[in-house]
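So, here come the structures, one by one.
In what follows, chain A forms one complex with chain B and a second complex with chain C.
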Partner chain A sequence: MPRWGMVIDLNKCTGCGECVAACKVENNVAIVGPEESANERTMLWMNILTTYEGEYPDVKVRHMPMLCMHCENPPCTKVCPVRATYLNEDGIVAQVFPQCIGCRYCQAACPYTVKSFNWYKPEWPEEMKKAVNPDVSVRPDGVVEKCTFCIHRLQKAKEQAAAEKRELQPGDYIPACVECCPTKAIYFGDFDDPKSEVNKLKRNPRAFQVLEDLGTEPKVYYLSEVE
Partner chain B sequence: MKTKRIFLIGILMLASLAIAFVNADKRNIQPIAYNHNKHVEENDMECLDCHVYAEENAQASIPNIEDCIVCHEEAVTESESESTLLSYIQENKVIPWRQVYVVPDYAYFSHRRHVKLGELDCTICHGDVGRFAEPISEPFVEPVMDWCMDCHEEKNVSNDCYACHR
Partner chain C sequence: MEVSRREFLKYLGITGVGLTLGGCDSMWSVPDEIYEKVGGMPGIETWKTSVCSLCPAGCGIKVRLIDGIPVRIHGNPIHPVNSGGICPMAEAGVESLFNPDRLKGPLQRISKRGEDKWESISWDDALQVVATRLQRLREKNTAHKLAFWAGPENNLSAPLFARFMQAFGSPNLFHFDQAQASNLATYITQGHKNALGYDFKNVKLLINFGADLLDSGPSPVRFNQIYSEMRNRENGQSAKIVHVGSRLSRTAGNSSAWVPIRPGTMAVLALGMANVLIKDRQYNRGFVQTSSFGFDSWRDKNGTTHKGFKTLVSQDYYPEKVAEITGVPAAKIVELAREFGAEESALVLAGGEAANSSNGLYTLWAIECLNALKGNFDGKGPISVQKEPPFAALAQVRQDKSAMSGFEQPQLSQGENACCFFEYATAGLPGGILNKKPYEIDTLLLANVNPVFTSVNQADYIAALKEIPFIVSFAPFVDETNVYADLILPDHTFLEKQEVFYKAPTVEFRYFGLQQPVIEPIHDTRHTGDFILQLSKKLSDTTSSELPWQNYSEYLRSRIEGIYTTGAGTIFTEKMDKAWLKFLKERGWQIFDYTSFEEFWEVLADKGGWLDPFPEETNFDTVFSTPSKKFEFYSQVLEKEFNSQLAAQQSSGAGIDSLLLKWQISASGDAVFLPHFEPLRYELNAGKFNLHLSTGDLITNIRGAGSNLPLVQELFGLLAREYWNSWVEINPETAHSNGISDGDIVRISSKEGSLNVKAKIHPGIMPDVVHVPFGLGHTAYGEYAKGIGVNPYKILEEDYDFLSGAPSLISTKVRIEKANGKEHV
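Coming up: the complex of A and B.
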């Protein structure tokens, strides 16, 4: 069984935010107004965590794209009372939207704070309605959502491979953020495949996981920045 | 005066009921009384002649004027339904077919997967459409989740939520 995962090279990441925008458009993530945003109700499946180190004028700015870590040992799935979220056979932490009752336990349990709650019925400005991606659902209000590793792309890729009577190959399935990164800082693949690029990268001495002490075993790795 | 008014209202109510009844009986929700039987059975057309993407795409596609014009540039019958079709063609207007089989946006259903890869016949899911003389106004089987899962179970296909949900 594949274990889909990601490695983000912070040496290459410039913090441009292309992945954030690509993700938002690809996945029909609702647009939230400035007031609600100020109330921490911004909806993003991928966000850039910006940190500042040192004192002025010697400030070092660091960027870190944050998304669902698709933990092998996810804390969020254990608290869901209706099994709307669970670790699926491909190693993806699934979120089944119509199954979600909006209790938000999973959102509270996530140490990476990457889950969003739909406080409002999503609405798009008239000019943007045609840009809604038909391959992805539009979530109603009252449900929790998060990165799905672009599951709709995996569903299509599997079908395409089956149509060509072959196994899924590296590159057949990549999420939108990976595709759009202008510096190619994001790698994606199957950790279960000993030959995959991500498998080699995760053994790189620079590799780390966020809050690895928690034992959540994230499947998103980072390669630390070196000067 | 008052009884007369009540009487009138009563008649109006009866009349609207009668109209509703007749409409419910016909149940035709399509803009043209399209006849599958005449095309498929009587004129040997294949499903894929009109639903051209059923083997290649998720959507089978419902044909429109550009597909009908091949044979209906001029009237081939004297039927009223065909003259409605011809007026759409002459005015170059899209026929507003109502799609009867619908799954919600959060579920992935693909015709290619079922028709081409799964080698399932259209009739299993849509009934013997080729013999339908009336346009399709209600589904042969409601495409609900239990139905999908029962067949998957039987055919040993994945029933992981993330096989279908998105």
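Coming up: the complex of A and C.
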């Protein structure tokens, strides 16, 4: 079975934030507004972690896009009391929103802090409701949500391939952040496919995973910056 | 029509595994009338090509539509400006279309100006009101009392507006365009007013003086791509990028090295580098000898000896002295200069804090001289002169008597803020209006400008607007400026509009992108170009005959037909293999198959624009239009300008000193016409204000134009983790000595006022600089913009580069202290 995964080249990433915006629009992620933002309830499936190293004037800034790592050994699925989140056959940590009871155990268990909780029912102004992506359902209040690797696109690609009576090809399915990155810093593909580009890249000497010592086996790899 | 299972699922929105419906039914309740309009089968996906105009870059986009409703904006992969990339602000473009604060039709004011109370008026009535008023101006032979403030000149509306103003008879068309200051540096040294293009593909060393290329204009997406490309070249060919600036911005952070420098002293560093280059004889002697003027001392026709650039930098800008002024260690200056001299393909660029300062022109000039020393103006290097696409030319405007007399009137002058090159200055406009110099303005048209938000002299603009008897605005939203208008005649938003965008600053190729409606206008709005044409029909025989097009679309097509006729270039194509294109070109063939303009247009609309893949090499020997026909270290262009202005006021018998005093230039003698250091003026009167205030755009909200879009607000300070909010960046040392911790609310005070804002401790900012991002603090512009964050321009001290008229954004000193109260003012 495929193991979908990602490699982000930090030497190409400039931290422009387009992946964050693309993700938010593609997946109808709620706009929480100023008050909730001030309470740190901003919902971002993709975020950019900015870190500074050193002291003035020898400072180095690093930008790191952070999203669900779709761990092969995910800590979040193990603590879910109702099996609302699970590792699916494609290697994606999937979620069943109506099954979620909002206990937020998974949110607490995630070492990458990439899960958001819907404190309220998402609201859009009447006019803007026309412009949501019909491929992705909006989550109700009281559930946890996170990056799905744009699983709706995988479903579409599978249907397309089935209709054309062929196998899924590399490039048939890519998440919104990968597609829209202006500097082409994000690679996506099947780690199970020995010929895939991501498979080659993850063996690059610059490749690393975040908190890999936890044994979570993330399927998001990073290529470190060239010094 | 049969609905397939797949389409049915798509309609229900449950095509994703593990995603199910949950409280979302209201979310895709597209109103019936929209379905009817598009003749909708549910769930049909289509794509349309267009151009985003939320910022002046004009990136190519592909819009995804479901049942005719735009839901998502992607980049157009074959548009040469952005090559498929877009920015977070463009992602929010759909919110601009469906924004609840949009004006749904024309409005007229019903209460006092600025009170934001309106009633609707029909387009016909509005047209009649404006026409009657303008006709009266012409009857009284006062056509020149009409003024028009328009946005950047990067589109084909600009020449139409110019033509309208000329046929009507007013010289008072002003474009608000940030790129102009750098064009002026080109004019001073090269004598022409064309913008320069830069090709980075072979550049191995880029030294960027202050231009925040990744976060603000001229084209942030393009520069994110360029920076990424430059440091990811194969086989160890990656370029080195050095950023000179007072703050570790995202641009600086994405460079190989950051050189912190005291604000306002970049000219000194550039001249210091020139000093080292000259001393080491590490400059392009061939170019300097044959194609430059004023490098060595020279004698004029009266026999007077003038100081050359070489003498000036050798005497005044040796590394130790430069280090003292700039704070950059002398060893670093020598190292930087030697690296620049030794690298075969090296380029310097300037902008941002280098340009937006009271010594901006001299600074840009000094930096330009480094490119000259490198010989980058030889046509083979990275620098070229931008050329316009071969649009069909417009015939000379025929004016009637009234238009002629109006058009000959002097332009609106600038009152108190008189600067040397007024055509580049917009900050002086309120002065001219308030002082009625040389006459009062009766009617003002506003298109795509919001100076009350984006200028440093906001109070002056408000006062001036109040002074003008009649104001018409074409903005789709009520903003800080048009809240003072009498009529608002809303334009479409960019997804409903037809327009051509070209000449994005710094691009090295000829191209244009076609913006076209991806959806029919959803409100009763009208293209400003259409309104101007309708107005022309009503005004006079000549305005009608000189603007003969029935609508804007007809005008646009007639201009583009010129390109079809010449057969130049190609419509954007995926097949960008140069050898293949060349093969076709040599045989006069095109990639695309079309036999008529209609067919050409169809392909054009599908692909999104036109490109000339084989730009001619710039021959700078013919481009240099200075008196010496060379690149001028010693600017005779500026000298000539001084002399002509002196001649104009000969009656007063004043000498050059009066000009130096007027334009606040501290140098004297030959140095005035050579690039040199003009200290920022605040040093003299800083007093208890001990920190420099810096400000700048973020890619999430360029020029604050996206503040009415919820997504933009939600992601405003993405990297700082501040959403829907402003903040101030403070060096840890400075914060500590002022007793400030991260997250505290602090008060920033200047002589102009104070702001309360959240503190962010930032190790990448100089200890005596604090930075507040620009974009928020709107007092109008809809519910998402109003009252969110602060506008740092509110506390800027008003100062200008009196040569270029550019406002100085780094001339303000502030102090910070912990505030007890709440955020904001």
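Quick notes on this structure:
Convention: the second predicted complex is superposed on the first by the 225 of 227 C-alpha atoms of A that agree within 3 Å, B and C clash if a C-alpha of one lies under 4 Å from a C-alpha of the other, contacts with A are read in each partner's own complex, and residues count from 1 in each chain.
In the analysis below, a contact is a pair of C-beta atoms (placed from the backbone, for glycine too) under 8 Å apart; a residue touches a chain by one contact, two chains touch by 3 or more.
Keep in mind it's a predicted model, so treat the numbers as computed, not measured.
In the superposed model, A:Val138 makes contact with both chain B and chain C. When the two structures are aligned on the shared chain, A:Asn199 is found in touch with neither chain B nor chain C. Applying the stated contact rule after C-alpha superposition, one finds that A:Val59 touches chain C and leaves chain B untouched. Touch criterion not met for A:Gln209: it reaches neither chain B nor chain C. Of the two partner chains, chain C is the only one touched by A:Ile31; chain B is not. Counting the residues of chain A that each partner touches, chain B and chain C differ, and the larger count belongs to C.
Judged by the touch definition given at the top, the superposed model places A:Thr14 against chain C, while chain B stays out of reach.
Common to the chain B-facing and chain C-facing surfaces of chain A are residues 88, 94, 96-98, 134-138, 148, 151-152, 155, 159, 163. Across the complex, chain B is touched by residues 86, 88-90, 92, 94, 96-99, 134-138, 148, 151-152, 155, 159, 162-163 of chain A. On the side of chain B, the complex with chain A involves touching residues 104-106, 108, 110, 112-113, 116-117, 158, 160-163, 165-166.
Considering their complex, residues 9, 11-18, 20-22, 24-26, 28, 31-34, 37-38, 42, 47-48, 50, 52, 54-57, 59-61, 63, 88, 94-98, 121, 124-141, 143, 148, 151-152, 154-156, 159, 163, 179-185, 226 of chain A touch chain C. On the chain C side of its complex with chain A, the touching residues are 6, 10-11, 13-24, 26-31, 34, 43, 66, 69-72, 74-75, 82-88, 91-92, 94-95, 97-100, 214, 220-221, 224-225, 227-229, 231-232, 238, 248, 250, 253-254, 258, 260, 699-700, 710-711, 713-715, 718-721, 723-725, 731-733, 762-767, 788.
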